[in-house]
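What follows is a set of structures to go through.
Heads up, the next two complexes both have chain A, just with different partners, chain B and then chain C.
Up next is the complex of A and B:
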């Protein structure tokens, strides 16, 4: 089975780079960007992640609006919000807009990995089989 | 503590809530980073390697040292934010107290950094060296400076800059200048109307002027005197 590909979008770059390093140690393939518009740029350039990890509060385009733009480019991609907000209203709004799930920071790595794997599995099923190939 | 104007107090409480919410969000970020660093140290000590090869002990120790230095730096930043928040909270202990505007501005800048960063605006301070201590309401002053600064941060285009400068006028009255320099958005409609601020200015016995002569710059000048004994007894 090929490695699960993750796009991590978070303006707290130290958090994002360290989390990415930990995911890579667990054999995930991770691309890190610090802004939503950069995420759209890498998607436009052809990156097709299985799962997008998305911060909600970011300069410029926020995570909620970014999700809509990401889904326009790849309707089957699954998104998990990572948020520092103790109030869950933004995360619930994210779920309404089609996110797979959300996690509060600081995150638990085992819980995150479990959710990434579930989200990747869902993407695989919805895109019609292994590695996103239509059957 | 008495509250001479209920509406004013309610608005100040809302402002304090906004500051606390921003600071706690920032604490969450610091903790999230520290937790990831701590987890990474654990991963490395457990011999995890991205390529599946045997971990090099010397490389692991070197990397762990780098990470602990980063944790230390993060903890220091969180502690500085906690100090600023603590001082901010205590500024409301008395309606009128002795304080330096440099300190009041410094704390406000620290607490508004994330808000500015969210808008991609540089928020900077320039402190005058000979600004005397004054007797006034520091909590209300911080609120007033926030009311003047926040709309500028929100209105400026990305890459703009807001500078809070302190100085002393010729008669030694402390002065805070709030200057916004925009790059893309129009600043024409920014800033609350002077009428809206009248109650706050009266409470502080302060004066405010607005310079709009340059198209891409907005500059407020706020003069804050020491309150006389008569004004302090309300």
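Up next is the complex of A and C:
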């Protein structure tokens, strides 16, 4: 089984880089960007992550709007919101827009890994099913 | 109008900085109300009373003066007739004699006897010639031959033909008056003058005869203003009569008072052909008893009415003032509650901001610690690995504690999603009680449920209601000692509200604590105890508000605490 590929979008660079390193230690392939538009750029450049970890509050395009753009580029990608303030309404809105789940900062690494794996599993199933249908 | 606008201004101007404190203000307000009511009620009553009193009195005065005038008229006629009759009889009898016979002593004797038969009060009789010499005389005095030409009565009779003199003492030294008739032309040989004298005592006796009313004083006054007959109230003959009768034709005098305060009504009239004024003086009204009774009853009724009005005014104004006081207190309570809510809301906003700002660095710390742990764990040759892991575990646990606090802070301040359902509040309470009943049992605390099973179902969030009741119940259980009681009651309240009251038998909450009890981080528990962060009641407050409810706490001195939570049956939880 190949490594799960994660795109981490968070304007808190210290947080993002540290988390990325921890995930890499656990054999995930992680790309870190600090802004939503950078994420779109790397996607446009051909990156196809299995799971996108998205901060909700960011300068420029926020996490919710970024999710829409990301889904346009890759409808099957799964997104998990990481939020620093428990604005449940934002998180619910994220879920409505097709996010896989959300987690509150500070996060528990075990919980995050579990969610990433579930999301990746889901993506795998869905893209497999879609492939099946197209065949 | 000024008074009304003053009261109005006073009620409305309850501004801080007013020169009067509340108590003084209510006392002043009551005085104002009573004054206003006094002006509106008592003054008209007094005016009507006075009008009625004077009207009724003038009626009595008129009645009395009318009767007195009639009495006077009747007495005047009687008096005038009495004297005129004597004069006429003298005249008629004298005309039956010749000029010479009238000067004949024996004839005059006969005439006197005839006259005395009819008019026994005649004292003597004399015949005078035109020079004023009394040429014949019958009577008890030696007055024959006396010349009366210098006497006033002689001169009056000489000029008027007949005359009734004023009372005088004369030669005999006894008060009397003289009636005179004349015949022939004055100054001629055939002229004569017949005079009879009558003691003034007769007049007094006659007055006593015709005056049958005990309350009326009837007497004669001369033109010089002194008494001619005895008066009950003004003294003996010759005394000066105090009232001015100068204008004495027919005269009525009203409105005087005697020393006892009784009304004095005087009617006087000039007697025709006589130098006297007849005076009738009455003290007290004709129907004096009725008047006195009326006065007593009238005063009693008016005083009773005034007292009743005063009492009612006092009661009504006191009720009004206490209504205003209650309204003020309600307003104060609402104001205080609004301020409290606003304060909690701003504290909540601040807490949310702080929590959010702390969360991000906390997340960084968490990840850094996590990475250190990861590196330690994944490195085979890391010296002192175990000690490092213990240290990072300690740091991670501190981060976890901080996270819990920020989560609670956010929970207080912020809306959380709700799951609306129709539920029975009693069911929720029974569930919550089932969570804590074991603890209560171990600690010998009695849990009393007084639940109204007729309550309607309400729209709310079961989980959050549980959180509310659990939190308050835990606080109550913490507060009571062994053998204490925690009572949970539910009841219906208007309008369409369900009330839950949780009472404990603990030591209660001091008043200075009650003010802050719903503020975040306010706690009376010792810090190292479990869940002593001081966020419990503030979160409860936030959830109650979110569920459209209202929570308040009371703690009368010497009793336990009482939490009162009201929820409407319907609540728009989406708002």
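Simple rule for what comes next: the second predicted complex is superposed on the first by the 128 of 135 C-alpha atoms of A that agree within 3 Å, B and C clash if a C-alpha of one lies under 4 Å from a C-alpha of the other, contacts with A are read in each partner's own complex, and residues count from 1 in each chain.
Everything that follows uses one rule, which is that a contact is a pair of C-beta atoms (placed from the backbone, for glycine too) under 8 Å apart; a residue touches a chain by one contact, two chains touch by 3 or more.
Predicted model only: the values in this text are computed from it and were never measured.
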Quick one: is A:60 in contact with chain B, with chain C, with both, or with neither? Answer first, second, both or neither.
first
Report for A:45: first if it touches chain B alone, second if chain C alone, otherwise both or neither.
neither
Is A:110 in contact with chain B, with chain C, with both, or with neither (first, second, both, neither)?
neither
Taking the superposition on A as described, I'd like to know which of chain B and chain C A:18 touches: first, second, both or neither.
both
Following superposition on chain A, which residues of chain A contact chain B and also contact chain C?
12, 14-15, 18-19, 21-22, 25, 84-86, 105-107, 109
Chain C-facing residues of chain A, complex
12, 14-15, 18-19, 21-22, 25, 84-89, 92, 104-107, 109
Give every residue of chain C touching chain A within the complex, in rising order.
352, 355-356, 359-360, 362-368, 370-371, 374-375, 378, 399, 403, 407, 410-411, 414-417
Which residues of chain B touch chain A in their complex?
24-25, 28-29, 31-37, 39-40, 43, 48-50, 70, 74, 117-120, 158
In their shared complex, chain B is touched by residues of chain A numbered 11-12, 14-15, 18-19, 21-22, 24-27, 57-60, 84-86, 105-107, 109
